[in-house]
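For reference, the structure I am asking about is given below.
By letter and in written order, the chains are A, B, C and D; residue numbering begins at 1 in each of them.
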Amino acid sequence: MTVLSMLEPFLPQLLLVVFALMMPALDYIFKDKRILAAVALAPLVGYAVMLVAWTLAGVWEPPESEMSLIEVDLFSGLFALAFVSVGIIVVLGSPESIRQERNHGEYYALILLAVIGMTVVALSTDLILLFVGLEVAGIASFALSGFSKREKRSAEAATKYFIVGGFSSALTLFAISLFYGVSGTTAIADMGPAMEAMFSSFDGMDSVGTLATVMILAGLGFKVAIVPFHMWAPDVYEGSPTPISALLAAASKNMGFAALFKIFLLGLLVTKADWDVAVAVVAIITMTVGNLIAVSQTNIKRMLAYSSVAQAGYILMVLPIGTEYALAGGLFHVLTHAFMKSGAFMVVSAMGVRGVGESLNDFKGLRTRSPLLALAMTLLLLSLAGIPPLAGFASKFVLFSSAVYGSLDPGPSWLIWLAVAGVLNSALSLYYYARVIKYMYMEKGPEDRISVPRLTGVAILFAVVMTVVLGVYFDAVVELCQQAAGGLFNP
Amino acid sequence: MIPIEYWLVFSSLLFCVGAYGVLTKRNAIVVLMCIEIMLNSANINLVMFSSYHNVLHGTADPSGQAFALFSIAIAAAEVAVGLAILLSVYRRYKTIEVDKINILRW
Amino acid sequence: MLEGIPVLSLIIIMPLVGSLIAFSLGRRENLAKWVALAFALAAFVLSLVVAFEFVVDPYSASPGEIESYSNGYQFYESHVWIETLGINYMVGMDGISLPLFVLTTLLCLLSIVFSWDTKKRPKEYFGLMLVLEVGVLGVFVSLDYFMFYVFWEIVLIPMYFMIGVWGGPNRDYAAIKFFIYTHIASLAMLIAIMAMYFEAGIETFSMVAIAEESVGFSRNIQFAIFAAMLFGFGVKLPMVPFHTWLPDAHVEAPTAGSVLLAGLLLKMGGYGLIRVAIPSLPTGAEDMMIVMAVIAVVSIVYGAVLCLAQTDLKKMVAYSSISHMGFVLLGYATLGELGIVAGVFQMFAHGLVTAVLFMMCGVLQHKCGTRLIPKLGGLAKKMPIAATLLTVGFLASLGLPGLVSFAAEFMVFAAMFFKWGMWVFVPIGAVAITAGYYLWALQRSMFGPLTDRIDTSHLKDVDWYEGVPVAILIVLIAIFGVFPSLVFDRIWPAVDFALRAFGGG
Amino acid sequence: MLEYAWLIPVFPFVAFILIAILPKRTLSWEDGAGYAIGGAAAALILSVLVIWEVMSGSTMVGDGPKFEWLVIGDISITFGIWIDQLTAVMLVVVSVVGTLVVIYSGAYMHGEGENRRRYYAEIMLFISVMYGLVISDNFLQMFIFWELVGLCSYLLIGFWYETPSAASAAKRAFIVTRVGDIMLMAGIIILFKYVGSLDFVTLFDQDTAAAVPTDMMVLATVLIFGGAIGKSAQFPLHEWLPDAMEGPTTVSALIHAATMVKAGVYLTARSYPLLIQAPESLLFVAVIGGVTALLAASVALVATDIKRVLAYSTISQLGYMTLALGAGGYLVLYADTGGGYSAAILHLMNHAFFKALLFLCAGSVIHAVGTNNMRLMGGLGKKMRITSITMLVGSLAIAGIPPFSGFWSKDEVLAAVYHAGEFDGIFFLLWFMGIATVFMTAFYMFRMWFMTFAGEPRSDYHAHESPKLMTFPLMILAALAAVSGFALFISDGFKYFIEGSIGGLLHEVHHESATDILGVIFGDPLTYVSLVLAAGGILLAYKMYCVPGFDRSVFARGISGRLQVALENRWYISKFYDDFALRVVYSISLVADAFDRYVIDGIVNGFAYLGGRSGNVIRMAQTGNVQRYAGLIVIGLCLLLIFMLYIVPWGGW
C-alpha cells in the first residue's frame, strides 16, 4: 500500500493543514483582511459540505486503511460537523472583531489547526491519536486565547488556560499511560476486555484502573469544564477575544465530550459499575454549581461561561446512563449547544464590534437600539434555557428523557434523579437567561441605534436559524444521532 | 530485571514532584518546567509498560514507545507556545509571578 | 360544511399569522390593534362554526358517520412530525375541550377590544396577546403529549412579557416569579410525560394510544406519575399551597393580561387534569383522591378567607380565583361523572365571570387611578354603569342562581356529598364567606358617600371599549346561567367517555 | 287554564326588562310606574283566575308543562309549575299586595327623580321572581328563585346606597339570609342523594320519601327549615329584618312584611310531607316559632322607630305562623286534622294584608312628617284622618280584636298549639308564650298608634293627608284587613280548602259549617283569655301613652330598668353578630393573610433567595489565582478517588 492510500482518510485534515500553512503567507499578500477569512472559510465549508453529502448519501464506509487509528463513521461525522460549523461561525465573526489586531494570518491558521485537532479527536479510535488531537487543538487554542495583543485580560486568560491545560494534559497522558499498562493496548475498543482480563489475573490492578479512570476524567473534564475542573473556563472565556470564547465554549468543549464518550462508553463501559455513580454526582454538582454562579454574574461572557459549565453537566449525564438512547441525546445536545452557545457569544461579539461593553447593563434597552440583535439573543437564550419550540428544548428533551428511560426497570432507579436535577437546573438557569431578556426588553437604555456588523450578523443568523430549525423539526437529526450512537455501541 | 513496582513508584513520585511544583512555585517558568516533569513521568510509564509488555500481557508491543516519542514532540510544542504566552504576559504585567496575574476572577 | 377543512389548525394558525403581521408593522404601530382585532375575530367566528358543527354525542354514532372523527375526538387531524420519537401533530376536539376552546377565542377577542387604548408599545402588546392565544388554543386541542407540552410552554413567554413590560410597579418580581414557578411545574409534568411514554413503550406520544397502555401500569408507577402531574397541573390551577405566584402576577399584570391569565391559563391546569392525568392513570387518581379533595377544600376555604383581608380589589379577585378553582379540583377529586362534569363547567363559568371581574378592576384602575378599596367609595353615584356591571360580576361570582356559576357549584357540592357525606359542610360554609367579602367590598367601594380620598371631579363612567366586552360577557353569564344544559349536554358525554377507565360510561 | 300559569311571572318580568332598557322619554309617567302597574295588574288578573280555577277544584301537581334544565348522565333536573291551594293563596297575596304597593309607590316615590327607573325595575324583578318561587314544582327551581328574591331584597334595601347605614343593612340582610340559604341548599342536596330527584311530586310521595334514612330526613328537614329561618327572620337569624327598614317603606311593606318574608313559612308549609316524616324537626320548628314570637314582640315594646316596631311585630307574627306549622304537624300526625296548618296559612294571608296596610300607613305618616321617630310625632290624627283610621283598623286586626281578620287566624293558631299540647307537653309552654305575645302585640301596636296620632305634636311639622294615589290603596287594604278573616267561612271554609294541598297526609277531611266553626271558637274559654289579654294590652297602652301625666320613669328603675336596656339593645343579638363578624372572622382572615405572605410565600422567596445568593458565596472560590485552580483539580481528583474506591462500594448502589 502506498503512503497516499494510507493518508486517504485524512484528506480533509490535510486540506485544512495546507490552508493553515498558506495563511501567514496570504497575510502579506492581501491588505483586506476579510479575504483571509474567506480563504479560511473555504476548506471549512468544503469539509462541511462533504460531511453533509456523506450523511445524506448515507455512505460512511471508511476507505480501508491498514493502521486502524481512525474510524470515519457517523459518530465522528456528527462531531466533525459540529466543530466545522462552529469554525465557520467563528471565522465569519472574526474579521470585524479582531480588525485592530495584527497577524490575522496566524489567527486563522490557528483556528484551522484547532479544528483539525478536534476533528482528529472525533475520528481517532486510538489513545495515541486521541491525545495528539487533544494537544493540537489545545495548543492552538492556548495561542488563540492570548491573541489579542491590546487586551491585558487576553494575555492573562492565555496564561491560565495554558498552565491549567498543561497540567491536565499531563494528567491525561499519565492516565493513558496507566491504561496502556493495565490493558496493554492503546486501541480504545480493545481496552475494556483486556482490562477485565487483567483485573481477574492480577489483584490490585483494578484500583490502578480506577485511578486511571479518575485521572482521565479529570484530564478531559478540564476540556469540557466540569466541576471542579472548570475554574479556568470563566476566566478564559471572559479574557479571550469573543470569537475565541465561542470556539472554546462550543467546539473545544465538544471535543472533550467526543473523547469522553469514546473512552468511557467505548473503552470503559465494562467497568461502568465502578464509575457511574461518581460521574452522576459530578454531573449533578456541575450543572448546579454552574447555574448558581451564573445567576450572580453581571458580565455576559462570564455568565455564558458558567452556563456552558452547566451545559457540560447536562451532557455528562450520558456517561452514567450509558445507553444508546442517552448517547443519542448527548450527541444531539452537543450539536444544538454548539449553535446556541456560539451564536450567543457572537451576539456579544457583535456588540463589542460596535464598541458596546459586555456587561449586563450594556444590554439595557437593546430592543430599541438593535431589535434584530435583541431578538436573536432572546431566541438563543430561551433555547439555552430549554423553552420549546427551540433546539435547546428538543435536545434537552431527548437527554433528560433518556435518564427517565434508564431509571425505569431494569435500569437503576436512581437515574431519575439525574432527570430531576436536570429539570430543576433548567428552571434555575431560566432565571439568569430571563434576566438578560428583561434588560433587553424591559429596561430603558441609551437611545442610539446599533447597526449589526455584516459578517458577524451572518454568523448569528446561521446560528439562530439552526437553533430554530433544529427545534421545530429535529426528526432527521435525532435519527442520525441514534444511528451514530448505535455505531459506537455495536460497531 | 528491576521489579515493575519500582518503576511505578518512581514515575508516580516524579509526577507528584511536578504537580507539587505546579501548585506552589510562583515563577511561571518554573511552573512550566514542572509541567514538563509531569509529562515526562508519564513518558517513563509508557516506555516502561511497553518494555514490560510481555511480562504483563505475554506479547511484545512497541506502541508505548512510539507514544512516548509523540508526547515528547507535543511537549516541545507546548513549551514553545507557553514561553510565547509568558512573554506577552510579561509585556503587560511586568511580572511572571502567577499569583500576581489575577484580574480575571469571580 | 367543514368537510376536509383542517379547521382546528386553521383556527390555531389564525392568531399566529396575526401576531407575525402585528410584530412586523414597523412604524405604523396604531394599526396593530386592528390587525389583532381582525385575526382574533376570525378565529372566534371559526370557533363558533366549530361549536355549531360539533356533534353532541358522537360516541353512539356509527363509524364514518361523522367527518374526521377518531375515537372520541372530532375535527381530528394527524400528521407525522418527529417520526423517530413517535411525535405527531395531532389535534382533535371533544366536549371537554369545546367550551374552553370557544372561551379562549372569545376572551382573547374581548381583551383585545378592552385594551383598545393601549399606548405603550402596542404592536408588541397585541402581537403577544395573539401568541398567547395560539398557545392556549393549542393546549386545548392537542392530542399529542409532546405538542401539548410545547404549546403549554409557549404560553409562558408572552405572559412573562405582558407582566414584565406592561405590568405595575413590582412587575419584575411578579414576572420572573410567574415564569419560573410555573415553568418548574411544567417540567414536573414533562418528567411525568416522559415516564408515561417509556413505560407505555409504544413509541408514540399520542395521548389516546398511551392512555390505553397507561391504565395498565403498576399501581406505584401510576401513583408516582399522577403525583408529578398533579403538581404540574396543580400549580397552574392553582392549588394551595402552590398558589402564591398568582396574586403577585395578577396584581402586577395589565388588565388584559389578568383576564387571560385567570380566564384561560388557570383552565389549562384543570383541563390537563381531566384530559390527561385522571383518565390515563385511574389507580393513581384513586390513590391521590383524598389528597386532591383535601387540597381542594383547603383552597376553597383558605382562598375565601384570604379574600376578606385584601384591600386591593384586584388581589381580592385573584384570591377568589384560587377559591373558585378549588371547586374544579373538588369536582375532579370525587372521580365521579357528576363531579367531573361540574368541575369542567365550573372552569367555563369561572372563565366568563372572572374576566368580568378583572375587566372591572381594570376600569376602576384606569378611571380612579387606584384599586385600593379604602381609597374608593360611593362610586356608584359617579359611575352607575360601572357599579352595575361590577355588582353583576360579583353576584355571578358568589354563585347566585340564574347566573352561570351556580349550576357548577351546586353540582360539585352534590357530588361531594354523594362521596364524602357531611364533609360537604366545610366548603359549603365558604359560600357564605364568599358572599361576605364580595358584598363588603361592594359596599366599601361603590356605595356610601362619595370618596374624597381620590379626585373624583372628572371621574367618568366606562368607555365603550370597556363596557361592551363586559356587557357581552354578562349577557353570556346570564344565558348560560339560565340554560346551562347548552354546555352540560356537550361536556357530559365526553366525560362519560373519558371515564371508561373507571368502569364508567 | 292552569297550564298558562307560568305567564304570571312573565308579565312582571317583561315590565322589568322594558323599564330597564327603554330610553327615558318612552318611560313617560313616573319613569315607568305605568309599565310597573300594568305588569302587576296583569299578574293580578291571572292570579285571580288561577285561584278561581283552584277553588273550583282543579289543581296542577306534577302534571304541568316541564322544561329540562340540566341533564348529566342519568341525573336530570326538570323545571315546571305546581299549582295547588297553597300556591293559589300565595299568588293572590303576592299579586294583591304587589299591585297595591306599586300603585302607592306612584305617589310615594315621586321625589326620587332619576332613581325611580331603578326602583320600578327592581320591584318588578322582585314580583316576578316571587311568583316564580311560588309556582316552582321542584326544590332546585324554588331555590333559584329563593336566592333571586334575596337579591332583590338586597338591591331594594340598598336603594339609597349613598347612606352608609342602608348599604351596610343591605349587605347584612343578604349575608344573613344567605346563611339560611346555604342550609337550605345542603338540605336539598341530602334529599337529592337519597331520592335522586328534586321534584315535589316524587319527594312528597310518602313511599319514596321513606327511602331517606330517618336521621337523614331529620337533618334534611331541619336544614330546609334553616332556609326558612333565614328568609322568614326567625330566631336566631332575625336581626336583619329590622335593619332592612333602611329601604323605602313601600319595599318594607311589600318585601319585608307581605311577601318575601312569607317565603320561609311557605317553604315550611310546602315541605310538610317531608316534615311530618320527622316529628323531631316539627318540634324544632314549633319551638323556634314560639321563641321568635315572644322575643320579637318584647323588643317591639320599647322601639321608638315606627318602622322598627312594625318590623319586630312582623318577626313576631311570622313566629306565630311557624309555631302553628310546627304544632299543626303534630295534629296531622296524631289527630289527623289540618287545623294548625290551615291556621298558619290563614294567618299568613291576613298578616300580609294588615301588615302591608300598617307599613303603607307608616309610609304615609313618614311621608308627611319626614321622620321615623315616634317621639317626634303625635297628634297626627286630626291632620291625617284616612291614614289614622286605616292604621287603626290594621292595629285592631293585628291585636286580634274581633271581627277583624287577625282575631280569627290568631285564635286558630293558639287553639292548634293548645291542642297539640295533648301530644307533647312542651306545646303548653309554647302556648303560654303565644298568649303572652298576644298581650305584648296589643300593647305595642296601640302604643305606636297613640304615640303617632293621639295627643299633641311633639315637634313642629306641617303634616297633611297624603295624595289620593296613596290613600286609595290604604283603604282597599284596610277593607281586606277587616274582612279577610271571614275566609274561614267562605263556601266549605278555608280549612277545608287549604287542607286540599296536604290532602295526601290526612285520612279523612271533614267539612265544618260556619256555625260549628263559630261554635268551636266562641265555645272555647281560651278565646276569651286571649281577648281579655288583648284588651288589657290596649288599655295599658292607652294609660301610658294617651292619658297625659303618666310617669313612665317607674319602668326605668330596678330590674325592669335593666330589662328595658336589654330590650333597647335588642337583646344584644345584632351586637353579637357584628362582633363575631368583625372581631372573629375578620381577624382570622388577617392572620391567614399574614400566614400566606410570610410563611407560604416566604418559603418560596426563601428558595429564590438561596438560588440567587448562594452563587455569590460559591464564586468566591474563584480567586483568580491559577495555582488555586490546579490545586482544586488535585483535590477534586482525590475526592473522586476516595468516593469511587470507598464510598461507592460501601454505599451499595
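What to note about this one:
Following the convention adopted for this analysis, a contact is a pair of C-beta atoms (placed from the backbone, for glycine too) under 8 Å apart; a residue touches a chain by one contact, two chains touch by 3 or more.
As the structure is a prediction and not an experimental result, all values here were calculated from the model.
Where touching is counted per the definition, the chains common to subunit A and subunit B are D.
Between B-D and C-D, more C-beta contact pairs join the chains of C-D. Per-chain Cα centroids separate subunit B from subunit C by 65 Å. Centroids of subunit B and subunit D (each the mean of its C-alpha atoms) stand 97 Å apart.
Subunit C and subunit D have CA centres that are 37 Å apart. Between the Cα centres of subunit A and subunit D there is a gap of 78 Å. Within subunit A, the positions touching two or more other chains are listed as 159-160, 163, 167, 171, 234-235, 431. Shared interface positions of subunit B, defined as residues touching 2 or more other chains, are 19, 22, 31, 98, 101-105. Residue positions 180 of subunit C are each in touch with at least two other chains.
Under the contact rule defined at the top, the touching pairs of chains are A-B, A-C, A-D, B-D, C-D. Remark: subunit A residues 382, 387-389, 393, 397-398, 400-401, 404-405, 408, 416, 419-420, 423-424, 426-427, 430-431, 434-435, 438, 441-442, 473-475, 478-479, 482 touch subunit C in the complex. Taken in their complex, subunit A has these residues touching subunit D: 159-160, 163-164, 167-168, 171, 207, 210-211, 213-215, 217-218, 222, 227-229, 231-232, 234-235, 274-275, 277-278, 281-282, 289, 292-297, 412, 414, 428, 431.
Taken in their complex, subunit D has these residues touching subunit A: 611-616, 618-619, 621-622, 624, 626-630, 632-633, 635-637, 640-641, 643-645, 648, 651, 653. Interface residues of subunit C, counted against subunit D in their complex, comprise 177, 180-181, 240-241, 244-245, 302, 305-310, 337-338, 341-342, 378, 380-381, 395, 400-402, 406-407, 410-411, 413-414, 417-418, 424-425, 428-429, 431-433, 435-436, 439-440, 442-443, 446-450, 483-485, 488-489, 492, 496.
Interface residues of subunit D, counted against subunit B in their complex, comprise 619-620, 622-627, 630-631, 634.
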